[in-house]
Each structure stands twice: as structure tokens, then as C-alpha cells.
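My questions will all concern the structure given below.
Chains here go by letter, A, B, C and D, matching the order in which they are written, and residues are numbered from 1 within each.
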Amino acid sequence: MKARVTVTLKNGVLDPQGKAIEGALGTLGFAGVGSVRQGKVFDVELNGTDQAKAEADLKAMCEKLLANTVIENYSVDFA
Amino acid sequence: MIRNDFPITPELVASHGLKPDEYERILRITGREPSFTELGIFSAMWNEHCSYKSSKRWLRTLPTKGERVIQGPGENAGVVDIGDGDCVVFKMESHNHPSYIEPYQGAATGVGGILRDVFTMGARPIAAMNSLRFGEPDHPKTRHLVAGVVAGVGGYGNAFGVPTVGGEVNFDARYNGNCLVNAFAAGLAKTDAIFLSEAKGVGLPVVYLGAKTGRDGVGGATMASAEFDDKIDEKRPTVQVGDPFTEKCLLEACLELMASGAVIAIQDMGAAGLTCSAVEMGAKGNLGIELDLDRVPVREDAMSAYEMMLSESQERMLMVLRPEKEEEAQAIFRKWGLDFAIVGKTTDDLRFRIIHQGVEVANLPIKELGDEAPEYDRPRIEPKKPVPLAADDVPQADIAESILKLLASPDQASRRWVYEQYDTMIGGNSLQRPGGDAGVVRVEGHPTKALAFSSDVTPRYCEADPFEGGKQAVAECWRNLTATGAEPLAATDNLNFGNPERPEIMGQFAAAIQGIGEACRELGFPIVSGNVSLYNETNGRGILPTPTIGGVGLIPDWSKMARIAFAAEGQTILHFGAPEGGAKHLGQSIYLRDIHGRADGAPPPVDLAHEKRVGDFMRTLIREGVATAVHDISDGGFALALAEMAMASGIGAKATLPDGVDPIPYLFGEDQGRYLLTVVSTDADRILGEAKAAGILAEKIGETGGDVLVLGESASVSVKDLTAAHESWFPSYMKG
Amino acid sequence: MKSAVVLLPGLNRDRDMIAALTKVSGQAPKTVWQTETELPDVDLIVIPGGFSFGDYLRCGAIAARMPVMRAVADAAKRGVMVMGVCNGFQILLEAGLLPGALMRNSSLQFVCREVKLQVANANTAFTRAYAPNEVIRCPVAHHDGNFFADPDTLARLEGEGRVAFRYAEDTNPNGSLNDIAGILNEDGNVLGLMPHPENLIEAAHGGSDGRGIFESALRVAA
Amino acid sequence: MKARVTVTLKNGVLDPQGKAIEGALGTLGFAGVGSVRQGKVFDVELNGTDQAKAEADLKAMCEKLLANTVIENYSVDFA
């Protein structure tokens, strides 16, 4: 089973990376870019076929490791 | 969005950490009910973190003056003359609470904050240290905190580009619920180009510099003044994120700006950002300040006045500008990609006025905001003097095993895992990197001068006897600087304690400061800056009292500097400063604690006159160039000091123990004011003679050589085994 | 030797590099700001270490796209010696002047320590002051020094003698393929390396093993 | 207009972070995790309403900056 975990910064948390990318896109001549926020994805391969269990597992992985829940949100999708 | 017209209820007042009598005082100052924004401003100015209301009375007792002191406490950092028109600017500050909540960002922004304090004064940062305390290694949170804090310190300092040359790491169950992150920074400036925060001149532009304002840390300074409880998670949204890239640009832009002559006054935005910085600049200059918040660069929509005034977004500064330089100043900031906005002006009415969307949301007397802050002489209970160990209470253990066990223990193991994550040599001036007694950085542009840095405190001593512990922290810092050949110049202190509203804690605090003061006076080592962190307490259990001392010393000629590694085989090892018959003091020692699980007895007393006499003598030997290696003796006593010198060089040593003494106290006693030193053998007798003449007890204890550490008949361990033990604990612990 | 140091916001070993070039060549390098589109006439252009643009996005990615880098690429094409150290190496990769990529260290941690380097090719503009296969000391300080290239590229680099330096004696600090610490372009006039020779050039640094790189360039320029 | 750009490592490119996360998940007791690959997302806000143009712009941004096409693939989605 293949799943994708997406981790993004919570609203209002400063994103220095996004800010720097915004600036660089401007320098490169891309007009009309409002804002950029950077996040992470984890493509995880899981053994087994029970999607409900997999989802629960992935959420636990996010809480424990993949996301820093103090400043980040996460979501789980299946391919 | 938070409105400005909330009714001011007793609950709202309480939730701002203001006590009823403090609110009464506010009413007296304003003569009316404060607006919501004004309440926020008061709470920020009057919390413990900004107002020092519990500690001020005691801080005033510290010696802060000295021949070389240019600027003592009261500015962003202390300033000390090092001759030739140069000065060193330094301070230490805590970021304890934020680091416990989000270790990476908490530590990172702690480093960012202290660097800003230093370069706000016109100094280019040249050295950083970090003094860290964590809970017991087995506590479920500890590993996560260590990993995050260390990565955060490195993440910020490395990218900013300052070498981290020293620090401390300790573990103790008493820090389980409150880790400590004390960050130190030092910079170099010209004595005739120091910048201060005092505003001058009426009607001059007040300029906002650096990064944009978000909602980060709204209420952060208030958080730093509150005890934790189990609901800590609710406090999370206030976490600030550091941006070392912006800070590096801000450094370069500020230094260019200062060189351009545009700056009348400048102040970084730290705790309670815009509020504290603006009030401080105005009040110091006897001027009012008017701010128009519509001009503040913001990165979020619909920010209220309250939020803007309390935001703790990082990498920001406030300055009073020489108006004719506006264009030049703005061009500098544009070049570095930073915000530059005129957000207000200085006035002659001594009011602090805030305009937002055309409405005056605050109008307060600016001086009273600081001057009238509450100040408490909190009740305190004198700490009980500990009962000394009985003279015949000398628990025995196998010596070789004990040495190996201590070297591989959490508190004594090598810190390489930590400091290899820090850039310790950027700048190309690091002469001694972490691992020795003090970090040493050469003074750029001078052919021979260098500065030494050390950060020290022994919390278990402070817990047993806060007065002696306070003295010892200063003495150990002074000793570490001396051991490189440096003349200790001045110090900064970071006083981490529990809840000052508990009389026992207040008693500890007062006693520790008295000890620090006494030691600083006796050793000629004034305190020029510092920081107090109280309420380090969880569910009613306080941390160990931890008054960290960060010291700076001057080495006139670094080619004669001393290091801890043995320089060669066949050299004579001398032991200085021990009492007749060798060390005796086992109370509160590492040996007692980590080998026998005992935390009893009194800590070793510090005889300051002895400390000074021995230290001054060591410094003379080092500067004459006769000392080939030097190490002070601290935790773990003679045995660990000698082992550390051997490990640093890969060379063994053979020591002879005096006849008829019990080797345990001799090897593991922690009597203060002692050093180990090596010389070429032909110098030994002459030096011993000189020491005797100077009234210093000194003895020849052995010779360097081989690849084994031999301690008389008591122990014999290969340097390889010592090193393996010493290096193993941290990496294997962090692997989990 | 005339040299120039490229300055970009966030670089922070520029002062170290300027000091080293001045001390070894006896002549202070010129500096070139990121927005400049023309370079001074020099023998050697150096991109120093640091965290250009915070190393946000990818190390060196944003810097590589700034105007000055087009000028650097042109100079390289003309045969001017170009050296990128640490972040400078990452920038040269991102700018396409060198092949491969530098990934996060295998430890995932920043690492600052001294390592051993083997001079894998002593017959280059940057290494001729060293003996073939000489092993030197050199400090590293980086978070992303884990060299990666696809098998074909790697084979070419090896086959054409374009690996200039290799971590030696089991001191690879980052997991780099084939222990690669520094590589050259096809023409041999562009060098990228992770370690910091500029931090080991005088007694105060505890040694001068790093001098050879600058002295080699000096010989070429003479 | 809001778009999400996802950048992932090409097959065969070493992913030290993914590897380390795999290991850490194992240590934390999550069984059945086959492999983890880490990537990035960029949430970009764009002015204008022409999705086709936006998509072309975003691809250009990826080619020029957001992705290192030597080692990375990218994809563009609209919210």
C-alpha cells in the first residue's frame, strides 16, 4: 500500500523558506506570485492491505515523528 | 482579530499575570481604566521577565564596575575595554521555556536573540557559548529535547556564522519538567563606536528595521514568567520561528548603517518586541514616543494593535534616525532585502502613544511604564547550611572502575556529539575550540591578542549551599579562563531559579547572588550584563538553582596560551593549590553521587584569597612560557583532570600517590582552587621553589609518557580505554 | 595572483576566504556583489561557504540563479579558474558548472571536525602543490555534503580524473559516494570542494595543509 | 488561485532523510513500513484566473528554481 503524508506549517507560523522562495521568484521575473509556503511530503510504502489500520498507523507516525505538531499540520492520502 | 474594546474584567487582568494590587497601581498611573492594548502593554512591561520585579533588589548588590568596564548592566550587553581602541561586548540570556515547548525553535531563537543584543551595540559577534541543562537521561522527553536544542543552537549559530566555542551540558531529574538553555554571545567593537538605546532629539523619526511582524509569541514574555502545569500544550501557538538568514542580513545591514552615521539610538526587539524597545528608548532619553501602527510591516492580515505591540517576531530592531540620512539608510536595508519603515517619532511630552487605523489605542506616561513597575522584596527563608560529611565517611570503590564509570557517565562524558554539530571555527580565529578549559578566539587585526570564554556553574553545589555554590560558579569560571593564560576581565550571569513567590526559592536566589557578588568582588571580576529566569518549576517542583556565569578573559600573546593536552612525553606533572596531603573534600562530589548514589555533605568551600593567589601564579607561569599544558581541577577531582589531559593528547602519565593517604579523597576530592600543570623536567624544581616562596602548596606528582594512565598502586588504565569510555556515552545515548 | 570573491547574502565564510587569499597570495581579493553582471579581470574567482539565502529550498539553489552567477559561468567558459568551497560547491552544482548533487549528510546532522583528504589527482590547477595521493588534514563544517551522482556521471568523473579530493582513512563525514570531497569540471578549471582549506593555512589554525590549494592556483596564475 | 507544487526525488537517487526516517520508525516500533521517501510541497498563491497560464508559469518556476531536475521530479495541482 502506498500513502502520501503531507506536512505543512500551521497558519501564522513564520516560513522563512517560503519567504526566500517568494523573493527569488520575483528576482527571476515571475510576476503575480502572492505567497509561497513550503511543506514536506513523505511517500510511505506499507505492508498489509487494511487501509483503516494503515491510516491509523500513519497518523500515529505523524504525531510521534513525521510532523512537529507544535507548528505543523499533517494529512494522509492513499495512492 | 483581537479588538481593542474588550471590557477590562478582573479575569482579564488576572489572565495577563497582573495581581490585583498591580492593577491598582496601573489605575493610579493612568487615572482611568486602561484600554485592552494598554493592559497588554502593562502586562508585558511588568512581568517578571522584563521588569525584574523579584530580582532587582538583589541584582543591585552585584559589583558592576571596574577599570576596564565601559558599560555595565542596563544596556543590551556589557562592554569591556581590551585596549588598542577595541572592546568586547557580551551577554548571556535564557530561552528556557520556549525550548521546552519547541526545542529546535526555542533554542534557535535564543541564540538569535543574544546575537542581536550584541550587534545592536555595534559589535560584530565573534564567539558564542551555550549552557544547557536537561532532565535525567531516562526521562521520556530528554532525548528529544537534547536533539532539538542542540540542532537548534547549531542551526541558528552556524547559518548566522558565529563560532560556538564553549558551553555546558548537564543532566538531572530536577530539570525533567524544565530544561535550561542559556545562550551567550560576545562581539568586538571599537570603543568609540558603541551604540546605545537612549533616544535623543525631539521630532526625530523612529524606524522599524528587519523582518515583518507576525503573531509569533504574542504573550511570550508572559509565558516566560509563568510556571508550567499539565495544560502546557495550550501555550503552544506562541512559538516563534527563527530565521538566521534574515538575522545575518540584519547584522551586515546594521553594521553598515552604524558606519554611515545614520543611527542616533538603536534597540533590538526582544521580549515584548515593539513595546519594550520603544518604551526603553524613549524613557532612557526622557522623550515620548508616538507610533503609527499602520506603518508597521506585517506579514499577516488584520493584526490588532494589541498583537502588534506584543508580537515577539524575531530579527527586528527599532532605531532613532538622523533624518538627513534617511535615503542612505533605506538603500542599505533594501540592498540586504530587509524592511525599513518610519513608524513614528520622538516627542517631548513623555507619553507613549499608539495610533492604529486613525484611533489612539494607547496613551500612557512613558517613564512610569518602567520606573513604576512593581518591585518586590519577596519573603525568603535563609537556606539551611548543609551538614558536612564526617571525616571518616570515605566510601571505597575500585579506582580504575570508578574512573571509567565516571568518564562514561552522562555528566562527565565527552560532549563531542554536541559540539561537532556547531561550527566551532568559522571566522578563522578560533584558537581553542570546545573540549578544553575555555574557548579562545584571536582578536582580528591584532598580531598577538586573544579572548578566552568560559561558562560555568555547579548546580548540585548551589542546591546544597547556594552561597558557596554561587561563589564556586564564579571561581570556576575565573579559573577556567586563567588556565589558558587569560586575565579574567568581567562576567555575565544568567540566574535560573524556581518560583520566587516561594520563600525557600527566594532564599536560594538571594544567597546565590550574595555568593556571586562576594566572589566577583574578591577576584576583581565584575558583572557587566545578565539575565534572570524565574518560575522554572513544574507542578510545584523547582529546578536545581542554576546561576550560570559566563566569563571573558584577555590573553595578550596567544603564542604563549596554555592548553589541556600534554605537549610531549617525559614532562613533569605538577599539582598546585591542594591542601597539605592532597585533596580531602568528598561532600557533594561527583564520586559520591555517581559511584555511591549519595548527594550529601557540604560542597567544597571556596577560599577566594587562595583562589586568586594560585590563579595569579599559574597565569604568570603560562605567560612566561614555562607551562607546557594546564588544566584546572573540578568535577571528579585530580583523577578526572589527569585523565582528561591524557585523552586530549593521547599520551599517558604516571603519577605517584603520597604514602599513607587514602587514595579516594586524594583522587576524587573536589577541593577548589587547584590546577595540574606540566613543565619540562629541568624547570620543575625552580618552579616549586617559586611557588613555595609565593605561599602556594605545590607538589611534583609524576611524569607524562607511555600510553597508560598509572595512579600509583591504585589504578592503571590505558588511554585508549579511557577515551573509549569517555567518547561512547553521548552517541550511544542519542542513538536510543 | 589576482582573485575575486563572490558575495551573496547569507554567505558567511567570505571573511575567512578573503583572509586566506590575502595571506597566501599577498594580495587582497576583489569582492563582487550578487547583482553585478561583470567580473573584474582576475585569475581566480572564489565562491565561499555559508548559507546563501539561508540554504532555503535547496543548498545553493537560489544563489545559483542570481545575476553574478551568469558572469561566473562566462568566466569559467573563458578558462578563468573558479573555486567553490562548501556552499560555493553547492552553488556551482546548482548552477550547472559541475555535475552531481550534494544531499543531506547521512547522519542528518551538521558536522564540524577535522578530516583527512587524499589528493586523488595531483595534476590539476588546484592540486599541483601536493604530491600524488598525499593525505592532508582539513576541517569540514556542513550539513549537506553528501555527494551524489548517477552511475554514468560518477564513472566519468572517476575515469577522467576529475575527482580532486577524497575523504581518506575512514573519515568520510557525510556519506559521499566514493568518498568524494571535491570534483573538477571537464576543462579542469572549475573546482568544487566541501572541506574548508581556508581554515587551515597558518599556525593559529594549528596547521597549514590547506595552503596547497591556493598555492597551486598561484602557480597557474604566475 | 491556489496551487500545490510537489517535488519528489527521482527513483534511484539516494534519500538520506527518508532512510533515517525509515530507521526511526522501526525504532519507534512501527512495523510493516517498507520504504519512506521524502519530498517537498510548495503552496503557491497566484494572482489571475487563467489556470492554463498559471500551470505553464508554475512549470517554468519548477524548471528554473523549485526543482533540481537533475535529481527531482515535480507535479502541479490546483486546489
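Everything below uses one rule, namely that a contact is a pair of C-beta atoms (placed from the backbone, for glycine too) under 8 Å apart; a residue touches a chain by one contact, two chains touch by 3 or more.
Molecules present, by chain and UniProt name: A, D = Phosphoribosylformylglycinamidine synthase subunit PurS; B = Phosphoribosylformylglycinamidine synthase subunit PurL; C = Phosphoribosylformylglycinamidine synthase subunit PurQ.
Keep in mind that what you see is a predicted model, and the values were worked out from it rather than measured.
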- Selected interface, A-C versus B-C, where C-beta contact pairs are more numerous: B-C
- Query: How big is the gap, in whole Å, between where the Cα atoms of chain B centre and where those of chain C centre?
  - Reply: 36
- Query: From the C-alpha centre of chain A to that of chain D, how far is it in Å?
  - Reply: 9
- What whole-Å value do you get for the distance between chain A and chain C if each is reduced to the mean of its CA atoms? 33
- Rounded to the nearest whole Å, what is the centre-to-centre distance of chain B and chain D, using the mean of the C-alpha atoms as each centre? 41
- Sequence positions of chain B contacting 2 or more other chains: 243, 245-246, 337
- Message: Give me the residue numbers in chain C that touch at least two other chains, ranges are fine.
- Response: 53-54, 56-57, 62, 65
- Message: I need the residues of chain A touching at least two other chains; which ones are they?
- Response: 16, 20-21, 24, 28, 38
- Query: What are all the chain pairs that meet the touch criterion?
  - Reply: A-B, A-C, A-D, B-C, C-D
- Interface residues, chain B side, partner chain C - complex: 151, 154-155, 158-161, 243-246, 248-249, 252, 336-337, 419-429, 431, 442, 558
- Message: Residue numbers of chain A touching chain C in their complex, please.
- Response: 16-17, 20-21, 24, 27-28, 38
- How about chain D: which of its residues touch chain C in the complex? 12-17, 19-20, 64-66, 68, 70-71
- Query: For chain B, which residues count as touching chain A in their complex?
  - Reply: 101-102, 104-105, 214-216, 236-237, 239-243, 245-246, 299-300, 313-314, 337
- Task: Would you pull the chain C residues touching chain B in the complex into a rising list?
- Result: 9-10, 12-13, 15-16, 19-20, 50-51, 53-56, 109-113, 139, 141, 143, 196, 198-199, 204-205
